[in-house]
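Presented sequentially are two complexes of chain A, the first with chain B as partner and the second with chain C.
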Partner chain A sequence: MGKLIARRLAVLPVILLAVAAMTFVLTEISPFDPVQAYVGAENSVSVEHKQEIAHAWGFDQPIYERFGRWISNLAQGDFGNSIVAGGQPVAGEITSRLGASVALVAGALAIVLIGGLVFGVLAAHFRGTAFDWLVRTLCYFNTASPSFWVGLLALYVFSIELNWLPAGGSSDARAVDAGGIDLEHIILPMIVLALTQYAWFTLFVRNTLLEVLREDHVQFARAQGIGEVAVLLRYALPNAMIPFVTLVGTNLAELIGGTLIVESIFGWPGLGKLSLDAALGEDLPMLVALTLAASGLVVLGNLLADVLYRVMDPRVREATR
Partner chain B sequence: MRTVRFWSVVSAALVLALSAAGCGDSKKEAAVASGTLVIALPSQPENLNPVQGDNVYEGNYKFFNGLLRYAKDLSPEPDLASELPERSADGKTVTVKLRDDVKFHDGTPLTAKDVAFTYESIVDPKSASPLATLMDSVDSVSAPSPTSVQFKLKRPDPAFEDKLQIGIVPERLLKGKALKTASFNRKPVGTGPYVLKEFSPGSRIVMEANARYFRGTPKIKRIVLTAVEDENARVAQLEKGSIDAAGIVPKLAPRARRNGKYNVMEIRTADARVAALPNRDPVLRDAAVRRALSLAVDRDRIVTGALAGAGEPAYGPVMKGHWAYSPAAERPYDPDKAQSQLDAAGWKRPSGAGTREKGGKKLSFTLMYPADDSVRKDVALAFASDMDKVGVDVKLEGLSFDVIEKRQDKGATEFGYGTPYDPDIELYSLFHSKFATADDDPFTNYPRTNNAAIDASLDAERSKSDQDARKQDFVKLQEELANDASWLWLVRLRHIVVISKRVKGVDPQVEPHAHGFSRGTSWNLEDWSLDGKD
Partner chain C sequence: MSAGAVARSTQPGRDRALRMADAFAHWPLSVRIAATVLGLLMVAAVGMDIVAPLDNRSVDLDAVLHAPSTAHLMGTDEVGRDLLARVLHGVRISLTIAVAAAFGAVAVGTLVGVLAGTMGGKVDAVVMRATDVFASQNHLLFGILLLVLFRPALGGAAAVMLAVALTHWPSLARIVRGELMSVRERPFVAAAVGGGAGRMRLVRRHYLPHLMPAIGLAFVLTVPHAIFHESAYSFLGLGLPPHQASLGNILSDGQRSLLAGGWWLALFPGLAILAASMTIGTLAEYWREHLHPRWRSELEL
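Let's turn to the complex of A and B:
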């Protein structure tokens, strides 16, 4: 196991470097103009001054020079300065917004896992009934609905029309203390983010359970006279869950990607909104840093999943010992 | 054994996830500050340093003062200056005397050196300031005494007083620093009525009354600026009472009025919606066609329809009531005349109906607008239906400005422009042929207007300082613009501002198109009070 972790961690810098280079190339070939993003639309700035602005920020340098400078700055722990953050250091801006995104993603993950397990198990237990049918239909409906639509609909129904929940932001603007996250404010974005992953996970739990229930060792347990609920929870579910652990890694990556849309809809002050602002503002230092952070998280998430997989499945544990 | 291990892993993961999600919940019962005014902006300002401001109208956010400011009637009046500036006979030397009782938020006194530093920083290429173009008339700035600043100009810039309104920053905190990356940009220290208390990125900006403000401490002690991007969400938050003031779109005004807790104000503005008709477009290149299109626009109907009454017709770049306005340049709605002019230009309707054609080519073009702006979309729709009535086919495309600028010469674009201040600030770079050539410069002279008569009147008004003499040039300019018609003015908006009835003392100025916190409705924010309390 230690060898596995060491090997994966050794590859991590290589992956991150490749991701960084790729981000540089992608922004370079994108048709958007960072100077125009900087001065804003419908704003008269002469061509000469635009060239000065490009020079001051280094937009006019060739891509390999900018990449080289970025690497050497990074070696000294400097991620550069962000344009969309008023010229402030990238690292500081990311740290100050990290908490909001972590809370959102963690909450959504909890909803996906708990909700998916509960409804997946129930649907499997009541397979073929109206309840099973309802769960499945809602899941198919959910899978077919894009998250920006679900988000806008939720905002419209629960905030704007019914006025039950706040329409955006992470806390009461009148609060004395800074940086709080109110439960009332996080509910809607968290649920909408969870809904991006909830359906397939529920269906996955249900279908895998049904397969496992047909296997010999489960039949054997039944034959011993153990009750159906106990069979389901103690014998079938743990076996059905082994592939699921790997999927949590993917799940996490999808949830992080989902924050881009969800945070923008709900004005959530996290990294998803920041990523979108950075992309629209052609803010390369911020974009690269956020892409790296996301890639790092995905790699580590997958590593964690693999480790858990070994912890939970004795066969794999034996094989990799 | 295996079962136990499985459930312990799952429950550990859940506990971890739930505790992370719940980490902020403890603040649920957090104290709410009394005497707070919450204002919702469409987006959070990235940078609070006036030297880094996007345009001359923004950037003070009540943290700073300029040398001058606009009075309620938009006449310049002294702010940090002790009296109005003096100009030399040739108009190229401007001397400003400063008040001697002004202190920055950190207690240090304001001196002429701070003023000189501010203006030098704007023109310094290293600052990457978008305001540099605006300051192109400045040759040098000096501080002959602690209370006197002298500007040497390259030309007798008649609009220079308008440029003396940029917030003054303290030299002591910024000298020798790279301004574009200074931490000052989010920790501003100015002389203004409010002091920054908190800048939470993506969330809110909190400011508190400046106890040593030279005009006396503002009445409202604490102001929170929050960002609410969605126009419907802004109204919902007003109804819920989580914000006290916001700008909203006209079609939501009735909903805000029904609520009863708010004053819903229609603020007169210079903010025009104008279709730029590019001179290199295969159809729009003919001035006769462009003039006919202008006659075919039923501007009154756009006001009553798309703007729900919150606006007025616009025929040119200067707003009605402005000293430079020329009623002679108005081109009233006349669809019959438009039809006959299009016929005369060779664009005939094949069977008396349908889209006009000339030599097998259809009289058809695209009108682009920024997709996220619902008011612009409604104006564009109304425009297209007016065009359809005279046999002109207009295809609408909602895009981002990044895409629009790439298509500069292909089809029309709906822009928003307009200033109620000195027209020279905006009009020179919009219409002068000097700005018509470059391909990487879409927001100066977008339709590539290239008209010697327009250039001549712009150059003439710029060379004089006497307002009556300049007015004659502006009258000429408006007439020539109406004849050239590569800018097709449609309407001027009224901005709908909703403010809680608890707030007293609101007395709006006429607003420009792009305005920040030191202009328009909030120009006298420091004089507002809550429930009439001092």
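Let's turn to the complex of A and C:
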């Protein structure tokens, strides 16, 4: 296990380097002008001044020198300065927003786990009934519903019509930093984010349970006279827990996209909102840093899933020994 | 209508119509519903442009933010435009862009997959590792980076197609490469090579014809993803310009009217996205399960 982790962590810098090279090539071939984005739409900045900025940033250097210097800066944790954060370093801004997104994602995962297990187990237990049909139909509709639409409908129903929860935004972003998560403001975005992953997890739990229930060890447990509910919870359910590992590990990337939409609808001050602000403000250093961070997170998520698979599933542990 | 009655008919045109009706009747209910809804949606979207092409932009300040009624079936927006006309127009724009974007993704994916699969060896290894790098990117976040870089030069529509194509091709490249690898081992390929066929001839005459069903199915399965991503980019204000109102733009407008109680402006455009992607998805799934049960696991995009 230690060997596996060490080997995969050693590959991480290589992957990040490849992603950095890819974004560098894309910015090179695109007609995007970072100097123009920096000075904004104003035409008052003279051509000479723009050339000075370009010189100060080293844009008149040859391409391999610029790439080399950029990579060595990245390696030292210097991601450049952000436009949307008022010229502050990109890395600092990302760290200060991280907590809000982690809270959101953690909450959403908890909702997916509990809700998916409850409804997946119930649907499997009452298979073939109207309840099972209802759960499955709702899940199919949920899978096809775009998250931004679900977010707007939730906003309308629970904030505007029923007035149960605030329409958006953490009233004070610093409250999140201080560790005190604003519960009232996080509930709605958390639920909407959970809904982006909820449907397939519920269906997966249901279908896995139905498969496991046909297996011999479950039949044997039934033959021993163990009640159906105990069979379901003690013999079948542990097998259905494995897809949750996939959810945490491999679908982390999907959740990043989810936070982007959910945070911008509800004005939650996390990394998703930061990504959108960076895109609208043409803040390339910030956007590239977030892309790199997301790639790193995907690699780490996959590693986490592999490690957890070994912990949870003895068959995988034996097969790779 | 029994098969025997169809066979005895002497009118070939009517024959074909009856056969199609017969096939339609044998589809599962969900597939029949999906085909009907999608057909109606497309007819309405295209018909709207022929019957009332300018209604979408007509401003009526006496009818601002009216709730759905018999005069305006989906209500009106904040400048009094009929929402039904706007949504149907949006369906046409969204579907057009999505189909073009999915085509772009399939074109890139096929090119890369065929290149890796035919050349093999080091080329295959390098190309597939590069594919892994692209595949590990989050579609939404990476797409936004591409939009920022290319939107000013290409314009909204082309940039959205580029963003969708460059984020969705890796899974298609893997499918094409995988299928090609299995075709390569077949005896007729060895026979063609023995007959002196070069790589280009192999690709054109032997590989591509065999890959076409898989590529076609992957294309249709990519369309709902393209619809979602185009709408998402436009909704976030990074996609199509406001005058090319896709369903995402209309939803984005609806977000502003929500605080004023205009629920219909958020409900109906989203229902249109749901209807379009669900019907296309259902039809594609049926095609896959009906013709090629084997592909079930490979095409999880």
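Assorted remarks:
In this text, the second predicted complex is superposed on the first by the 264 of 321 C-alpha atoms of A that agree within 3 Å, B and C clash if a C-alpha of one lies under 4 Å from a C-alpha of the other, contacts with A are read in each partner's own complex, and residues count from 1 in each chain.
Simple rule for what comes next: a residue touches a chain if its C-beta (ideal position, glycine included) is under 8 Å from a C-beta of that chain, and two chains touch if they have at least 3 such contacts.
Fair warning: this is a prediction, and the values are worked out from it, not measured in the lab.
Residue contacts after overlaying the shared chain place A:A279 against chain C, while chain B stays out of touching range.
Once chain A of one complex is fitted onto chain A of the other, the partner contacts of A:V84 are limited to chain B, with no touch recorded for chain C.
The partner of chain A that touches more of its residues, comparing chain B with chain C, is B. When the two structures are aligned on the shared chain, A:I187 is found in touch with neither chain B nor chain C. Contacts of A:L138 after superposition on the shared chain: neither chain B nor chain C is touched. Of the two partner chains, chain C is the only one touched by A:F148; chain B is not. In the superposed pair of complexes, A:G107 makes contact with chain B only, with no contact to chain C.
In the superposition on chain A, A:S46 contacts chain B only, with no contact to chain C. When the two structures are aligned on the shared chain, A:T23 is found in touch with chain C, with no touch to chain B. Within the superposed three-chain model, A:L12 lies out of touch with both chain B and chain C [touch as defined at top]. The residues of chain A shared by its contacts with chain B and with chain C are 31-32, 155-156, 160, 167, 264-265. Contact residues of chain A toward chain C in the complex are 15, 18-19, 22-23, 26-27, 30-32, 140-141, 144-146, 148-149, 152-153, 155-156, 160-161, 167, 253-254, 256-257, 260-261, 264-265, 275-276, 279-280, 282, 284, 287-288, 290-291, 294-295, 298-299. Across the complex, chain B is touched by residues 31-33, 36-47, 49-50, 52-53, 55-57, 81, 83-89, 93, 96-97, 99-100, 102-104, 106-107, 109-110, 113-114, 117, 155-156, 159-160, 163, 166-184, 186, 190, 234, 237-238, 241, 245, 248, 264-265, 267-270, 273-274, 308, 311-312, 314 of chain A. Interface residues of chain B, counted against chain A in their complex, comprise 2-3, 5-7, 9-10, 13-14, 16-18, 20-25, 27-28, 30-33, 36, 38, 46-49, 52, 54-55, 125-128, 130, 132-134, 136, 180-183, 185-186, 198, 200-204, 206, 224, 226-230, 232-233, 235-237, 239-240, 242-243, 370, 401-402, 405-406, 415-417, 426, 429-430, 435, 438, 440-444, 513-514. Taken in their complex, chain C has these residues touching chain A: 129-130, 133-134, 136-142, 144-150, 152-153, 224, 228, 231-232, 235-238, 248, 251, 254-255, 258-259, 261, 263, 266-267, 269-270, 273-274, 277-278, 281.
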